[in-house]
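Next come two complexes built around chain A: one with chain B, the other with chain C.
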Partner chain A sequence: MIKPVYINSVGSVSVQKTFDNSEFLNETTVYNDTVAKVIAPDYKQYIPAAQARRMAKGIKMSTVSSQTALKEAGREQVDAIIVGTGLGCIGDSEKFVGDIIDNDEQFLTPTRFIQSSHNTVAGQIALGIGCQGYNFTYVHAAISFESALIDAKMQLENNEAEHILVGGVDEMVKHHVDTHRLIGHIKSEATESSKLLESNTKGAVMGEGSHFFVLSNKMQESTYAELLSVECYNTLSKEELPVKINQFLLENNVTLEAIDLVILGNNGDVDFDSYYNELSETYFKNTAQAYYKHLSGEFDTASGFAFWLASKVLKTQHVPEVIELNQLSTQKPNTILIYNQYRGENHSLVLLKKC
Partner chain B sequence: MSELKLELKEKIIEQLNLEDIAIEEIADTDPLFGEGLGLDSIDALELIVMLDKDYGIKLADPKEGRKIFESIDTMAGYIEEHRSR
Partner chain C sequence: MSKGVAITGMGVISAIGNNAQENFEALISRKSGISKISHINTIHADDIMVGEIATTNSTFEKQLGLSENSFSRSPILGIIAAKEALAQSGISDVNDYKTGLISSTTVGGMDKSEQYFYEYFESDTHWNHINGLHAGDSTRKIAEAIGLKESYVTTISTACSSAANAIMLGARMIKSGRLDRVIVGGTDALSKFTINGFKTLMILSDTYSTPFDEHRKGLNLGEAAAFLVLESDAVVKKENRKVLAYVKGYGNSNDAFHQTASSENGDGAVLAMEKALKVAGLKAKDIDYINAHGTATPNNDLSEGRALLRIFGEGKVPEFSSTKAYTGHTLAVAGGVEAVYAVLAIQNNRVYPNLNFKTPMKEFDLQPETAVKEKEIKHVLSNSFGFGGNCSTIIISKEA
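Right after this comes the complex of A and B.
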């Protein structure tokens, strides 16, 4: 028998003050830039100084968000840790490669090498809590987080695990920003985040963040929502998109009318927001719509912010005004669909339901 | 010698990311490992690379490191005696 999958806790470190679970976007920070950096908690409250000194930003963020999620779920241990990341600890990767070049392949030190791999985050969390269970990292651009979700969901449904820590993390570092600016993936001019969708310019405002969740096949008092389904598509045309969404909803026995809120990944890129805009104007024209990348910035696992957002909306039954995309509103959100894509590739659909 | 000691303290803080420690807090005789600065085996590797890169000293026997890296005093003394750059 297939077991249901519940989101039993959340943890977030993002470019908004989301690390405090007792708040839900009470105040939001408006950026006027081409990048948005994470609002960091006081890491010393979470990580001993001796450990923190060797941790890259992505590891620190993830230590906090994973600890927050574990604490809220009331768990000291999980059966598995599954992480999605587009670039892993790219900062130390850059430094390590830089050292190789600068020192003519000599004098390479261990710390940066240890920290430079994609699976460092999952490994560090496991070391921190002494988890010897399944430890896996998915690296697949904009569907890295969703890939981790799919793995966790299948294990929980089949009762191969009962509690899994799942997360998505990406950090922003200088060289990565420079190269993405050079190829036009980052906006060339500062854009006020509250007017992101009106910018009418190419590229996105880049961000960073870490979002972790304890998913379980047992409901508990802290439960936020039920995860109904996750689907990914590497390539989809704008014409195919509504057909696939329709098919996805049908497979999950959910009608379009039953979707109380759709969360879209518009990032203000004039070249690719048409994927969302066409859905907004046609397929979802009678559905309350929300967006979030003016709050999170764009990065490979930004959809983790959307997952956090949807979980919070379903638990609090409150849709913050700052995320509303159209004039329609929902008073009692019961079912939420998240749709995301990046530069026309790696599309994902995630369906959540109130418990 | 005192200049070298100051230089070593700066390098250790920077290369080992000892963000919360100021140069003044490291006494010349403080043990670097264990109870002192609390450095560990990975830091020892970082220090061995630093000796090679910055002072041209190759440690053939890693066991030597235990004595050399006892404190800033012992490090500075060894470097003064063996440096090639």
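Right after this comes the complex of A and C.
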């Protein structure tokens, strides 16, 4: 007996003001830059100041978003914690490397090394709530978060766990931005986020954020949506893409007409947005379309923002105007498909349904 | 959920050999791979011993047909081990079944990132390594090298239990029917980053590591890659595969005690072993050999020893040893290397010696096996523990 999987709560800290679950993009911030930094909540409300000083940004963001998700789900404990992160606490890794070089391998302290371990966030959350359950961290670029979703879904479906805290987090730091700008992955000219898709330039606008969710095989009052399916593909050609999406929908007994909204991962990179554009113009031409990376920025777990967005849309039955990508709109969003890829690789499909 | 998870191929490269056969011969002839470091220029060269793979990157690059300095060392090692595993299974087209790749790493391309950290801003010569810092990039390169397309390819990083967790996830994906075949394991090269990191934690030994010994001084770092091919019963039957062994049990839990240290009584380790035994449907007394995590740090060996006693009982712990005195602690890959060793132990009915052990620890009556021992082995339990309180146990068995 395969059990259904529900999204019972959300928690978000992003470059928009998303940390308050009572709001839903009531106001959005427009950036005119090549990067966008997190809009931080008042961390003091969540973390003792002495602790917060030593904490990596990724841990701080995740402390808030995971606590928000746990609280909304009414849970103090979960059976498992599964986190996706492209780079972990990359700020500490880079500082540690810098210190090694600058001080010729001397006078180093362990804190930065310890925090640079990719599974620091998952470990810290477990430590914080005393969770001795399953604890995994996925670090596979743009499908880090989706890998965590697949793992959680398998456990919940088979009733190996009932409540799992699942999240995605990535922090943005200077050396990483500077080096990735050198190789054209990050834009070199400031781009107004409201005009991101018209930029016609290479690279993305880099962002950061942390998104956590309590997934469960039991529905409750706080439930946002049902998670129907997640699939990832390491490679896909533009020609094969609609074929795979079609197959994915078929396997889930969902027709293309039943998709009320498709959320696409366009990031304004002139070299790779064609993956989305071709779908928009052909396969999804009769489907209401949305995009979000002008709000979230691009990062390995940016699709966590899309998952948050889809959950909020399904629960509130409201599609904010700021995410609309085409002229079509949906009044009663029931089924949402999220498609994401980064630089032509690591494609993911996530299907959600209103409860 | 009663499906078998067959191991049909395996590959390993470590300080004691460039393939599984060489590794096994070193294990049974007590030949350690621990030496002074030669490939990395570090001021700690005289204070540490490591498990380094002797072959240089440029030799490997020629062997794999790669251009000079195109890849960091982790993907290079990973490609070698993954190809060995696929060859043993007899797989010529990796895309002929629904196949996944689950790799693991802690450093990824850090060996190159630390080398060109500032140089990137002065010259574009080594910009090819910038994206290599992403842990997933090593996995992407392995997938490409073995020709895996339109598939589930992911990477786990849970510090020193990573590859054990990759095996666990792979087994679960076969059992759930999501995949027919999955290549699981990991790769980690030595780097200044990890040498200095463990140095600051003051858990590196200045000489040969001595797991489970009263006078243990810490660990030797190592580098390695190891992969296993796991296949479903249906594939095994259809392709008439020779099955090497089965992934029978697995368990992961969190110590939730400290970011880098294990709890005094090994609570997380006990939970992981209990879960693994439960999944396998076995009792503790069914285990014939334990390949311990046994890093030779004061904290790990005490905590793990106590956990073993809690699971197996006083005087009832079967033959156990840590093979890290041979290979060094290969971080993310440790659980992968040791899973290959577990299969070899089953195939050859051999318990490996725990090298360098002299004095039992004063806290308990527990002595690792110190000889190459012949014994019928049906079930091997393998432990891997990591930072963040991550505790994993894998059980590998002769029969499904």
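The rule is simple: the second predicted complex is superposed on the first by the 355 of 355 C-alpha atoms of A that agree within 3 Å, B and C clash if a C-alpha of one lies under 4 Å from a C-alpha of the other, contacts with A are read in each partner's own complex, and residues count from 1 in each chain.
Everything that follows uses one rule, which is that a residue touches a chain if its C-beta (ideal position, glycine included) is under 8 Å from a C-beta of that chain, and two chains touch if they have at least 3 such contacts.
Because the structure is predicted, anything quoted here is derived from the model rather than measured.
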item	value
Contacts of A:106 with chain B and chain C, given as first, second, both or neither	both
When both partners are placed on the shared chain, which of chain B and chain C touches more of chain A	C
Which of chain B and chain C A:147 touches, first, second, both or neither	second
Partner chain(s) touched by A:98 [first = chain B, second = chain C, both, neither]	second
Partner chain(s) touched by A:4 [first = chain B, second = chain C, both, neither]	neither
Chain B versus chain C as contact partner of A:320, first or second or both or neither	neither
Which superposed partner A:54 touches (first chain B, second chain C, both, neither)	first
Set of chain A residues, in rising order, touched by both chain B and chain C	106, 108-110, 114
Residues on chain C engaged by chain A in the complex (per definition of touch)	1, 42-44, 101, 105-106, 110, 113-114, 117-118, 120-121, 124, 127, 130-131, 133-137, 139-140, 143, 148-159, 165, 169, 172-173, 176, 178, 192-193, 196-201, 252-260, 267-268, 271, 386-390
Sites on chain A touched by chain C in the complex	81, 86-88, 93, 96-98, 100-101, 104-106, 108-110, 113-114, 116-120, 122-124, 126-127, 130-141, 143-144, 147, 150-151, 154, 157-158, 175-176, 178-180, 182-183, 185, 231-236, 240, 244, 300, 345-346
Residue numbers on chain B that touch chain A, as the complex places them	15-20, 38, 42, 45-46, 49, 52-53
Chain B-touching residues of chain A, taken from the complex the two chains share	49-50, 52-54, 103, 106-111, 114
